[in-house]
Amino acid sequence: MRRSLQFLLFTSFGLLILMLLPLHAHRAQQLSVAELRGQSFLLKSLQLTDLCLVTEARYTRHPAMADRHSPFQEHPVALEHFPSGSLILPPLHGRDKP
Amino acid sequence: MILQPAALALQLIALLVSLMGIFAGYYGIKILGHWDPASGSEGQLELERRTYLVSTIMSYILSFELMSLFLFIYTADDLHSLFTGAMCAAGTLAVNSFGYPTLILKILNFLLAGVWLIVNHADNRGYDYPLIRVKYRLLNLVVPLLLLESGLLFAYFAGLKPDIITSCCGSLFSHESGSFSGDLASLPHLAMQIAFFSGMAITLASGLFFYLRGRTGYLFSIAVTVTFLIAIASILSFISLYFYELPTHHCPFCLLQKEYGYIGYLLYATLFGGAVTGIGVGVLMPFRKVGSLSSIVPAIQRRLTLVAFVCYLMFTLVTIWKMIFSGLKLVP
Amino acid sequence: MIELSGITKSFNSGKANQFTAVDNVTLVINPKQITVFKGPSGSGKTSLLTMIGCMARPTSGRIFLRGVAAAVPFQQDGVEVVEITSLPERFLNDIRRSTFGFIFQQFNLVKGITVLENVMLPAYPTGEGRADFRARALKLLEQFDIVRLAGQRVELLSGGELQRVAIARALINNPSIIIADEPTAHLDSKLSQEFMTIVGCLKGEGKSVLIASHDPIVFDSLLVDSQVEMRDGAVVNSRSCR
Amino acid sequence: MKRAVERHLNILEFTLASLLRRKVKNLSLLTMYLLVIFMLASLVFFVTALKREAAMILNDAPDMVVQRLVAGRQDLVPAEYAAEITRIRGVTAVRPRLWGYYYDALNGANYTVMASDDPNTTSDKAAIGAGVAKVRNLAVGDLLPLISYDKAPLMLEIGTIFPSASDLIAADMIVISPRDFHQLFNFPSGQATDLAVSVRNAKELPTVAAKIAVQFPDSRPILKSEILRTYQSVFDWRGGMALLILASSLLSFIIFAWDKATGLSAEERKEIGILKSIGWETSDVLLLKFWEGIVISLTAFLLGVVLAYGHVFFLSAPLFAQVLKGWSVIYPNFKLVPVVNAYQLAVLFFLTVVPYTTATIIPCWRAATIDPDAAMRY
Amino acid sequence: MKLIVTAVVLFCLLMVASSFAAEMGADSVPPGAKCPVCGMFVAKYPDWTATVRFKDGTIAYYDGPKDMFSHYLDTARYTPEKRQADIVALSVKEYYLLTIINARSAFFVYGSDVYGPMGSELIPFGTEKDATAFKLDHKGKRILRFNEITRQTIKSLN
């Protein structure tokens, strides 16, 4: 086969895979809703608020911990999140109303 | 200011388009000032080379404009959840006074860039650069509009603040809003349907006649332009109603949403495609007799006419199909 | 027939280092003949050939092509003369592609691709089907007896083979005029003779051949129909050898 | 029409041949481009998937958490607060939450201990996350000894180990009964770590929060939407330093591409000169260069995105894991649920391919306008 | 006797079940349902759902009481084949608890700073006490009963 047609074939194959990605994601999401989310009644009832990404640091395990004066606390009313906290305004929204 | 990837991408494209536009415009002015096809001097040769650059840039601008037009509408649609009162792109665009002008300019620029490329294509086929002045005057009209569009786009995104209360399409395009869009939406259905179908009929008939006989090109082009405007008004006035199956919902943007099968993309693509090519036919009309183009322009026009014809026919067929199979009946 | 009238080509015009490569040349070149441009290097032979071959435009003067107009796409039927000096590049190019075939001093083959591909190269942008011009290229290779080299890369070829590939390439688009610029400069006498034999065959096929050369094997060849002698950009002597 | 297609195919043919001829140069360009797109796409996929994960967790989270501050530090909330807050209009329920951290000196890990009033959680029993089970090498039925505040050991029998599918929420969790919780930490009764407040209508949350803030000046209500917003910002593009790094790498790549495209080697110049002399037109060479750009950028984009998808969703982003993990003892072993849509892909395309293409326009044009007679003059 | 008891029990069960079903039916908005007044998909805004049930059993869904009133006060305009008299029941979602209540007996707070999906809204409450408290919290202007709401009221909200 001509090289140009080979390339076009390769590219359309790549495009096909690219278009399959959203479909795969969509399907995986549906499966995860069905399976994973019903996983643990106990966990659900605990009403957790945070992701367990890095467990040692409070500012990643529980960003919403409220200390107003502690290391890596960028602003007294900010929720903690290192290292991006210094780039983001503290969420003053809904707080300044009497 | 919304720091959302799509907004960033749109602003990036606007920036690139402006830079390229300034570049092309600068050489456009130079070419207008120093063009002398009879000379074989080095300056002239350099300018001739620049024409390649300008037309390359313009074709990139056109494709960027086309892609960013749809990305813009989709992004506006996507962002509606940030604004109270917005339910689709209509509300997002109404958040500040730059939204709609940006959209209208985007459409206009897309049409102009398309027409420019058509003229450029014809000019390139003539061996004596017959349209060079027309082409670069047109370019100098397009470039400021491109810059204005980018400026508006930046102003629009800069002015987007979440929690702004905006209007939804239901009120923007309602009869009582008193605005121009509202007036369009409140045009009487029957009259608009008559106008739309007769406009389409005249366009298609004159297109066919022009295609077969090569005459009445101006009529066709004018019909395309007028029908384009009528079709936009008709989308507001009655076509959208059939798609929404609601007698009072006149929004031109909800058509683009998933709930309606993204049918709006097909409608607008055919409408814009038909408009660009149809207007192109008219713009080329004065040059049918210009020396070297006399055998070329008619062939180009025939092809353009065919594209415009097919596009408009598709638009009409989709409309008719929906009018027949819609759950809504406006005219008993 | 090619007619030149008052052809001048200057470089760097208006600047201090301005020089005139070709100075007011008026000339008629007959079709289906071998015409040799002779003169020392720097006499303007090459510049003149580039202008005839639609590669460059003269600063002033006009060039007419007669009888080759059939290959020009935009030309209307019945018009036999093309004035090529005021044409934009893309039209010059169309004429060049369909009317002229070029053989260069250094052969100018593209390295890294095969002989066959090199021969086919001028046909790529014409939009002709690949199978069509591929068959033609193979036929040309056969004609020059180098079909066994088709799949080889050009780096590995000998001087004589290179020359034949270059000639085959010049012929791929079936031109009516062949332009050769110092074709024998890098060849020994035997190969130069061989070249002239091939040129003779081409002439026999009805092609016009224009050669710039200061090689006696070329301009003293019995095949040559007319000679144009050049010096400092001007024609000093133009005569028919018949 | 057929002629135009043939012309494109023929020129593409030559493009591929000439790209393959300069293998080292073009492969290095392609690799760099691919790497940039791969990292950018991985980051976008990773971040959107984490955002979705966070949003899913917050679906079940309390509408509002009320904490108490003493001298600017978080303190325990007295039970009376809960009773008072219940009386506010719009509040449907107030649940005191008991939780805290337990530092395991044995292996340096940090657990999150939580008390559950679920009837399944009886005394002396614990439900633990897969991360805890792994670092302590525990199975269901084993005993987990924890050291109480007074150094007395508290023996807990493992009743449940949360499946590792829930690692992103619970890898470090130890869920025990309130009685054990009080005993472990000497936690004063009648107090709570914080209060989980339910408000039926989300619209009313700010009003309720404002009322709580007025009624208890030392309290700090945190809305679900605030936590969500924080997560979105943390994970969002502007939050990621990585984006800045990637943006600069994209920029430097474009400069590199520009440089590569402008600085044609003598050989390339000669080659284009030959092409032009044998009958290629400026627009043919432009087309050649256009295809060159398409081949490079499309290949890089397609491969980069597909590889990124595999990297993030099938291999759980090992490259990012290294960064996130650092010296952590417990690192969740999570598999992210893919979140990709056409819109996201289109935006990625615009952000990576469009700038590259634009950067190459002028260099390509420069290359394409080499004089056709240049080849004659060598 | 036994028979009667059984019948009564069965009847009660049926009633409960049917009322439960009715409530469920009204609460779960079909995903494709669109507000006949503004065209929005109602299921996207479950906190604001208002419904109108017609004589023929059809139910119309709205994304806020305002649109429900628009339809109620000008039925023919939005549904040309129906009249106001065809309406048998109107329901709205109570603001604090998001329960479905009868619109005819509800208290609506006008002019508050709480916005619905369509902007300014009439906020419905089951009791006057709740309505008064809300009016105080949210700078409401007036408390209106069902019959006090006119086209003029709706127009001033748009």
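A, B, C, D and E label the chains in the order they appear, each numbered from 1.
In the analysis below, a residue touches a chain if its C-beta (ideal position, glycine included) is under 8 Å from a C-beta of that chain, and two chains touch if they have at least 3 such contacts.
This one's a predicted model, so the numbers in the text were calculated from it and none came from an experiment.
Traced through touching neighbours, the fewest hops from subunit A to subunit B number 2.
The most central chain, judged by C-alpha centres against the centre of all protein C-alpha atoms, is B.
Chain centres here are Cα means. That of subunit C falls 63 Å from that of subunit D. Rounded to whole angstrom units, the spacing between the C-alpha centres of subunit A and subunit C is 67. Subunit E has its Cα centroid 37 Å from the Cα centroid of subunit A.
The distance from the centre of subunit A to the centre of subunit D, each centre being the mean of the chain's C-alpha atoms, comes to 5 Å. In subunit E, no residue touches at least two other chains. In subunit D, the residues that touch at least two other chains are 9-10, 13, 17, 238, 282-283.
The set of subunit B residues touching two or more other chains comprises 49. Applying the touch criterion to all chain pairs gives A-D, B-C, B-D, B-E, C-D, D-E. Remark: subunit C residues 46-47, 49-50, 55-56, 89-90, 93-94, 96-97, 102, 104-106, 108-113, 117, 121-130, 169, 173, 181 touch subunit D in the complex. Within the complex formed with subunit B, the subunit C residues making contact are 11-13, 57-60, 74, 76, 85-91.
Contacts from subunit E toward subunit B in the complex involve residues 32, 34, 36-41, 77-78, 80, 115, 117-119, 155, 158. The part of subunit A that touches subunit D in the complex is made up of residues 2-5, 7-8, 11, 14-15, 17-19, 21-22, 24-25, 28-29, 32, 35-37, 39-40, 42-56, 58, 61-70, 76, 79, 81, 83-84, 87-88, 91, 93-95, 97-98.
Only residues 37-42, 45, 48-49, 124-125, 127-129, 292, 295-296 of subunit B touch subunit C when the two sit together in their complex.
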